[in-house]
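Shared between the two complexes below is chain A, which has chain B as its partner in the first and chain C in the second.
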Partner chain A sequence: MRMKFFIFLGVFGLASSAMLVTAALPAGGTITGKVTFTGTPPKMRPIDMAKEPYCQKLHNPPIKTQDVESGPGDTLEDVVVYISVGDQASTPASTPVRYDQKGCQYVPHVAVMETNQPLQIYTNDPLAHNIHPLPKQNAEWNKSQPPGAPPIDTKWEKPEFIPVKCNIHPWMHGYFVVLKTSHYGVSGADGTYQIKNVPPGKYTLTAWQEHMGTQTQEVTVSGAETKANFTFKALPY
Partner chain B sequence: MALTKKITRSLMLAAFGVALATPSVALAQDTGASVNGLTGNAEAGKRDYRRWCVGCHGNEGNGEGENAPYVDPRPRDFTEALFRWRSTPTGTLPTDQDLYDTITRGVVDTLMPTWRPLTPQTRVDLVAYIKTFSPKWQTQKAGTPITIPPEPQQTIDSVLHGRQLFDQMQCWKCHGPEGRGDGPSAITLTDDKGEPLRPYNFHDGTRFRCGETNQDLYKIFMTGLDGSPMPSFADSLKPQDAWDLVHFLRTLQPNVQSESRNVWLEYVKTHQGQIKPIGVESAGQ
Partner chain C sequence: MGKFFAVILVLITLTSVYPIIAHTWWPPPTISTTGPSVDHQMDETMVGTGVLFVSSQLILAGFVWVFGGRKEKIKGWPGGHRPVVAFAIILVGLEILSLSFVGSKVWAAMYMPSPNAQALHVDVQAEQFAFFFRYAGPDGVFGGIHPEKISDASGNYFGLDPENDVAARDDIVVGSLYVPVNTPILLTLHAKDVIHNFYVPELRLQQDIVPGLDIPLHFTVTKTGHYEIVCTQLCGLGHYSMRGFLEVVSQSEFDTWLKQQSGD
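This part shows the complex of A and B:
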């Protein structure tokens, strides 16, 4: 009986020291990669803002819809790549995420944040917008933001991909991507992304594109840099 | 011994049968309801729901009853727990009283009739049952009703300020400069499910879908109609501004007698040619 107790103590001690070591590990490695697609992507149409002359004048030539933002070499922008399984060392973020309504457009088109991270929604336009997120897991709301209104301070409690729209300007469309992890990256104009400070270990990475859905792959982070590329299959309309 | 075993087995089987037959799903999610001192019973509400509501709102409460394809606007989907007519801020659940009031009043200009003929107890039971369709009722509490301060006097100043707000807040983008529901964005509006939806036509309408008093009107734009394009203005309007807007909105309703409309018509008579049209300047910028 006594023996068992000591073994238990020993195991417990080992486990706790292992946990300490994990916590004290240096920043960890970086996961990088490029997001591309194959096939024919849907054509992005120019947006007709004739109903809002102020915004129409700002965008000459007119801006295009942003459901699929592709670049040279079939790269994809605004793809969110994040650790979906295996993340243990996420720290809750307290820096607010800024989301702008500018020239009848959402900037950024895809805003990524962690659960309960402060989100501030600004309006820079001399006209009224209504900001209407359409979550299923979180609580849906719809608020008017007239010109000069202070930012709306909010946050999301549950992880979810939340479409956002303005009912007054139906072309305005964006996403709040709410994640449980602080380990994520968003692909830039050249399709590359970076996830920093990932402790060594095995993870499942998920890449999400609003029109093409999600893709996953397993990665093992051991050294300073781990490569993980994603290739989406383009779905024409 | 064998006999005892046999009896025990049949007893167990019987108990199992009873357990299967009891509709425990509704009860498991029953969060109750309380209105005017009456307590709702979801089990009782289920019986009444299946008699009166199921045709449109469906067995699952998802608004897909057998009549639903012929009902426009579509019956409410209770599984989303997203309700237009609330006394609570946008993004929160309505109170039991709010749901009770909607059942009692019905929804003007839709196929949802008034259910006043049902007893108050039946209506509270229905509220309790409706709340079993979404798990949100178990994890969230109803919002706190917004405070509506006493209505100030309807004066021409308050009407004119309300008119200015109607212009600035760009209510006319959907409701139209004359409140006829024909603003530039009106044609593109849809509800959350993508069903086309018309903004309220103040000119033709007398009652609103969620009431007819000035307090009801105040509540509509200060809480927003969740699930529809109508946002909440609670963050942008002070209570005094909100009352001024109510007073102006009443001037848009020729079929409703109001002091606001009288003072407005008097003002129009003496200020011909001096009244700036709504929406013109802001649209051109």
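This part shows the complex of A and C:
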């Protein structure tokens, strides 16, 4: 009987302290915004996949290079917006990030992940690929995947923007964006992004576009939603 | 037993000669103006070497037939062996020399003459593991090549600098070689990384592409169609997949195609 009482007391104590801790943690806000550009962006070139008739047939009309993906209203897609200063350290997400080699193209074009987060690289094409990430801080490697090969399981230890190419198909190009933070967003086709569950505080927000570089701005998250728009300057060449 | 081997020898000889005479594994029909002379040279080589091959095998078979069953050793050739060896050396030497002389004439006729001044100029970039082709665009002038500007990511396979080089802005870069039929074509071959090769069996042309060199290659195609361009220098792990296509079309089709490309 006495024993049961102590167990009850212990459980109660633990539960109440957990509640207190939860109450002490601030509720997460959301940072949203739109990424646009001014000026004239470079013209994206159609990719000629003539040497791989299988892939060429899949893309009609041919897809274009993706280093600047602009949309109506001068919006920019695939811009990574993340907290670069002021974020608390957190354990990396354990959900694997999926990266596909599909129709001789990398999907998504920009894959964002945290350091040490599992990364799985799939191939869906009936032809061989040889994926070759080109990091400077992390270790460089390249791996072949013949048709039907199992996914490559890997991860990156250091934060870095890693260009990715295929050693067999020179036009295949993408990026692994490895971040220290779990707070990031990627702009969609309409140029908007969203970073969820950001605790109140002052942060430096960085927007990265593979061709135009980076931009930063200071933000203060206090309420439920904080706005932060980015405007890049585009040059035709 | 000796007679049996003699028969086997004759059979092997005749079986080997048959596919050559019947053109069983002959290259596909040629489509270039210089192709027939290459084929002719090939035939001459085959006849010359074939006559020597067949006669030497038949003589061998004759010897095996006649002397195969004998126990005693052959003492020597009647009149000594020297004249026979000298005759063989002179015969084979003449054969090789004449093939080289005639062959070099064919080669020179393809490579030595200056390309036609009106030739359509196409720039070729070979890289691991694809070919890219560049046309001068509406201004008729090629932009300069700047190796440090080469970027596969942005499709700048030739290293053009459109920012500072006006001529480069309208250059057309594609993955297939489109050419009009019956028009002299002049290719300038470049390699980005390692040694590659430009080979179109139907053109009877095979040319190494060496990094750092601008290698000219000219030809005229006489038949429209879709042909494969392959790399025949082992250039890395994706070498097996390094190919492109030669599309030979009529002049009007070519003009339409070129216009479409520059309008993009």
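Some points to look at:
Here is the rule we use: the second predicted complex is superposed on the first by the 208 of 237 C-alpha atoms of A that agree within 3 Å, B and C clash if a C-alpha of one lies under 4 Å from a C-alpha of the other, contacts with A are read in each partner's own complex, and residues count from 1 in each chain.
One rule holds in what follows: a residue touches a chain if its C-beta (ideal position, glycine included) is under 8 Å from a C-beta of that chain, and two chains touch if they have at least 3 such contacts.
Bear in mind the structure is a predicted one, so any value in this text is a computation, not a measurement.
Partners chain B and chain C clash in the overlay (superposition on chain A). By the document's definition of touching, of the two partners only chain B reaches A:L134; chain C does not. Once chain A of one complex is fitted onto chain A of the other, the partner contacts of A:T65 are limited to chain C, with no touch recorded for chain B. When the shared chain is aligned, chain B and chain C each come close enough to touch A:K51.
Judged by the touch definition given at the top, the superposed model places A:P163 against chain C, while chain B stays out of reach.
In the overlay built on the shared chain, the residue A:K34 is in contact with neither chain B nor chain C.
Legend: residue contacts after superposition of the two complexes on their common chain; A:S144 is shown touching both chain B and chain C.
Of the two partner chains, chain C is the only one touched by A:H173; chain B is not. In the superposed pair of complexes, A:I152 makes contact with chain B only, with no contact to chain C.
Stretch 241-249 is the one among 25-33, 61-69, 133-141 or 241-249 where chain C clashes with chain B after the superposition on chain A. Taken together, the two complexes place residues 51, 127-128, 130, 144, 167-170 of chain A in contact with chain B and also with chain C. Chain C makes touch with chain A in their complex at residues 127-132, 152-155, 157, 162-163, 173-176, 236-238, 241-245, 264.
Those residues of chain A that touch chain C in the complex are listed here as 42, 45-52, 65, 67, 127-128, 130, 144, 163, 165, 167-171, 173, 211, 235-237. Chain B makes touch with chain A in their complex at residues 80, 82, 90-92, 140, 168-170, 173-174, 184-185, 188-189, 192, 224-236, 282-285.
Residues 51, 53-54, 126-128, 130-132, 134, 136, 139-147, 149-150, 152, 167-170 of chain A touch chain B in their complex.
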